[in-house]
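Labels for the chains are A, B and C, by order of writing; each one numbers its residues from 1.
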Amino acid sequence: MKIAVCIKRTPDSESRFKIAASQTAIDEAGLKFDIDDFASYAVEVALQLNEKQGPGETVVYAVGPDPVQETLRKAMSMGADRAVQLKTDATPYDGMAVAKALAAELKSGGYDLVLFGKHAFDTSGGIVGTATAELLGIPCVTAATKLEIANGRGTARRELEGAAETVEFPLPAAVTIDEGIARPRYPSLKGIMAAKKKPLETKPAQLGAARVTVKSMDLPPERPAGRIIGEGVAAVPELVRLLQTEAKVL
Amino acid sequence: MANVLVFAETRGTALRKTALEAVTAARAFADATGGGEVHALVAGPSGVGAAASQLGQYGADVVLVAENPALEKFDRESIAATVAARAQSGNYRAIMLGFSAQGRDVGPRVAAKLDLPIVTDVTDIQASGDAIVVKHPGYANKVIATLQISGPSAVIAIRPSAVTAAPSAKAGKVETISLAAEPSASKVVVKEVIEGGKGKIDLGEAPVIVSGGRGLKAPENFKLVEDLAAAFGNAAVGATRAVTDDGWRPHSDQIGQTGRQVSPQLYVAVGISGAIQHLAGMRSSKTIVAINKDKEAPIFKVADYGIVGDVMEILPALTAAVKEAKAHH
Amino acid sequence: MAASNAFFAFVLTLSAGFFALNVQRLVRYMNLGVSEDRTDHPFERLKNVLTIGIAQTKIFRDPVAGTMHAFIFWGFMVLTAGTVEILIQGVFSGFSFALLLPKPLYQLYGLSQDGFAGLVIVAIAFALYRRLVLHPKRLEGDKLEHTDALIILSMIGGLMVTLLLTNACQFVLNPDTIGPEKILSRQVASVVGVLDPSPTILVSVFWWMHALLILTFLNYLPYSKHLHVVTSLINVYLSNTSGPGQKGVMRNMDLEADVEQFGASDVENLTWKNLLDGYSCTECGRCTAACPANITGKLLSPRKIVINTRQRLMEKAPLVTSDHMEFLRPALIHGEGGDAGATTAAEVLEHRLLDTYITEEELWACTSCRACVQECPVSIDQLDIINQMRRYLVLSESRFPEEIQPAFESLERNGSPWAFSPGDRAKWADGMDIPTMAEATARGDRPDILFWVGCMGSFDDRAKKITVAFARILKAAGINFAILGQEEHCHGDPARRMGNEYLYQMLAKDTIGTLDRYEVKTIVTSCPHCFHQMGNEFPQFGGDYEVIHHSTFIERLLQDDRLPLNTEEGKRLTLAYHDSCYLGRYNDIYEAPRETLRRALPVVEILEPKRTKDRGLCCGAGGGRMWMEERTGKRINAERTEELLATGAETIAVACPFCMTMISDGVKAADSSVPVLDIAEVVERQLIS
């Protein structure tokens, strides 16, 4: 199958974040970046599908300035065959703008499957995948936790709140990938070496207008320090009293 | 004066909590921008129209009902088409919906169809001159982004439980509409819906969660956690990764970085040490109570109230006290 | 020259020739391995031959079996002279060393031959008794190994007996030929004389039996585990496991090299030295008996690793070298884990050392404690083979226990094997007024010492207490020190131990860059893994620093009276100290921690667990196992903790944050409340504030 995977370069999720002087972004000093977690599951799904189903091609796409090339190389070191950078000066926060750039590029790709992560760690929008699919006019499954492809049709499972649904759809289609579906493989040194020679194409991104902009970024308010109110069973009445009167949750 | 269109999500014929929250948010926004109308759109199988009165109570001036037996199972394509068609014909300042699993599917489709900007997982909505300004947590809830949306209209998907549904009775006049697309033409077809345990409150919906960890020592002791949850009446039972990995509780109960992220009103952590991965799943709960025998346990650093002691003794006492407190209300 | 001489000359030439061909064959097989240079430090290497080899120092670690073997080995060396004499006599009947040596020396020589023949017989008798009656666990090999051992023991016994009988017969025929120094031979002669007063035929029979046994034995060697007779001293010379230089340093790897694969999956990827190790293994099992993984029921057996290497070489090499000389499938190929049962050449070539012989499970079970290397009497480096194969698994196939992938990813993204925020690294130092190198440098200060905290010490709740205790000690002693703070990140040792050399080199080189930027000269650390890595392995990449472990550092402070300690005679305290593998077996630091404890607590009584110092049992966390699940057998830390608790000590002391975690867990699991303290904590409690 010819599979496209759209990935994003995001900072490591364990980091402590500080706000940059501009107040409209985080301070990137000292941060480590990598393929966004959900996007890396999507890459793994693509690689596994092509391994199972015989010869195919996995192509990774990313929108962003040049540092994103490192992220594309990482995807190729996992096994993607080639990469395309849709170059911008800065990756817009506006998911719809990004979706337009991807749709413009993917239209002519002839892909059987286009995969995305469910959402990206930084913007946490969950917009790009489903919007791009809609712009391409192909069916979309949002947040799949299971995916199987056979004979030009796909079956996927989606978690709902307290339930799950199984859906079927024809190819070509887009799927955004939720976690739990696959564990992204660790690139071998062999893969890392090979990735250096795989083709990486750069083109300008045809972004839509950015109608959503960051007015400010702030750290959430500090949670006030809690307290240990007592020991053992004796502390229970006090806890109940506090829950009723102070926290007002009882 | 700004009118707001709300997609009110249902499951079968029952309204979901996010629908009421979305209507509440729409009502507040409309009132804050010159008192426009809130139009709530419900799409579902026959009988879903009965939900209309409830939507009216929460602030909908008009309730657009699209009843179609083919909607026994959720059909995102026809529903998105219907919302988009209605938005196209109306003049809505904003289209609001809950950012639930199905909301994730509908929202971006509507925005793409109408070439509208979209923001999701929103916790606060304000009008600011010509623009709409929303708050949206990013970076795994570690950073709050304040976003400005320009243009005449936008799709806004609201984080479930971020807005508390509040009654604000309006006419709720019912208007019957038809689906803008045939469900039979949809490409993505629902084959099966697998229900979670019947009668179990979903972790994402429960206002109170009682969660257990390794400190309970044995799977049988989870009964004490369940008893406490039952005493609260509206509580769900959660678990840490340690005990779900060991098979004491199902994986769907796991709260944490790789499990469910929850923000209930009250989170009671029983026998949970407070590893970072677990905290990532419940840190944003309104009130956190921790019960653990180790007073150095990291959970006490994030808990509002903590009790140090033997969970086996404290839980039954707490359960009794909660039952007593509830009985007097 | 009589006909018998000519015949013997013919037999001798044939045997010698056959033996030489076999030796050449084995050398050719060995050279299938990667080349490496072991020509350095000839004098140190010779010293090892004299101590480990000739003086049998490692063999004597088992005193009973050691004595037995020493007799046989020394006997073998001494009797070789006699063997040479006999073989020459076979061709030139009149030959004797008496023609070359002055009489007293010749008599001494005669005494040595007789004496050692007797000692060897006693040793062989005991060896047979041990093997057949006592059944020691570590000799529980397979049937083939047993048969091999019995053949060898019988042959040696036979050689001694036939030697004495030959001498005895000669004495009976002509008493002048056997001097009075040959006491044993004469004793035997008195019995022979009674049975056959004129043993003219017997003397030839016994002589030919002896000579033919020698030649048979010689040519049996290449097909037996007894090949070690030929290779062991050579192996000890060429080995690095007891020096020259620092031991326990993992071999470097050139990751820029244009190679087909990284790491070892089959015998030709190992070096010729690894293959020579394979030849030298006597299957004594001392390594496996000391292996913490094997002791607790895991599949790993260091002996099996080495034997499998030999077996695979013998399976593959004949095909690869187009060896037409392979008369018999050598017994070397069968036995423990071997005989992968290939019936065609194609199958043999499809097989490889990895998977067909040595499984992933075995390779990942290793804690790199070095007990196997420590015990091996012929200086085999089992750990080297394991490490090279781990590198192959990770670098070439990305095959490793899935639970270590988060550790690799976290190391890459976070600079720590655990998912902690790098911003939290120096939180332990809040309020302690400790400058970072950056702060000190900005002020124009030059700290004398860098206190390297390590990831455990920075993030783990329990280990942070050790860090604070040691920092307080440094302050109390007025040391001018600084920390790297948030500029510190893992030096990559866990990645290297787990086979991920690529990730390791990235982290190590970056760390060296930071250290050099601050012109750091001296580093003190409380973690033995950090200590070993930065002190002993960083030089591979140009990082040369004086690195001191905190136990040594505190000992020095105490020796120099730089710490104000409360030396009031308190209650007598019993304490068991657990030796850390990376301090002990890797760096020979056994006394410093004990001395520190004694100086800090004058009334302490240090109780030693059953397995202690260089025989100490590992806590189970080394070799990257801290990040792996233990799924088979008994938990290693439980085994070790039981041993420590069995001393009855009131406290357990450790000097490593990994050991702290494992032993503390072990104590909890044993439902005990014996406190586990780090050396720094013991000392800090005694500080007069």
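Everything below uses one rule, namely that a residue touches a chain if its C-beta (ideal position, glycine included) is under 8 Å from a C-beta of that chain, and two chains touch if they have at least 3 such contacts.
Being a predicted model, the structure only gives us computed values, none of them experimental.
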Maximum centroid distance from chain C, chain identifier (CA atoms): B
Chain pair with more C-beta contacts, A-B versus A-C: A-B
Centre distance in Å when chain B and chain C are each reduced to the mean of their C-alpha atoms: 61
Geometric centre distance via CA averages, chain C-chain A, whole Å: 49
Approximate Å spacing (C-alpha centroids) for the pair chain A, chain B: 21
Residues of chain B whose C-beta touches two or more other chains: none
Contacts with 2+ other chains: residues of chain A: 16
In chain C, residues with contacts to at least two other chains: 419-420
Complex contact set, residues of chain A against chain C: 12, 14-16, 30, 32, 34, 183, 185-192
Residues of chain B touching chain C in the complex: 276-277, 296, 298
Partner chain A, residues of chain B touching it in the complex: 11, 73-74, 77, 99-102, 104-105, 107-109, 111-113, 115-121, 133, 136-151, 154, 160, 187-196, 200-202, 204-205, 207-208, 258, 265-266, 283, 286-289, 295, 300-310, 313-314, 317-318, 321-322, 325-326
In the complex, chain A residues that touch chain B: 11, 13, 16-17, 19, 26, 93-96, 99, 118, 121-127, 129-132, 134-135, 139-143, 155, 158-170, 173, 179, 211-220, 223-224, 226-233, 235-237, 239-240, 242-244, 247, 249-250
Footprint of chain A on chain C - complex, ascending: 255, 261-262, 394-398, 400, 402, 405, 408-410, 412-415, 419-424, 486, 501-502
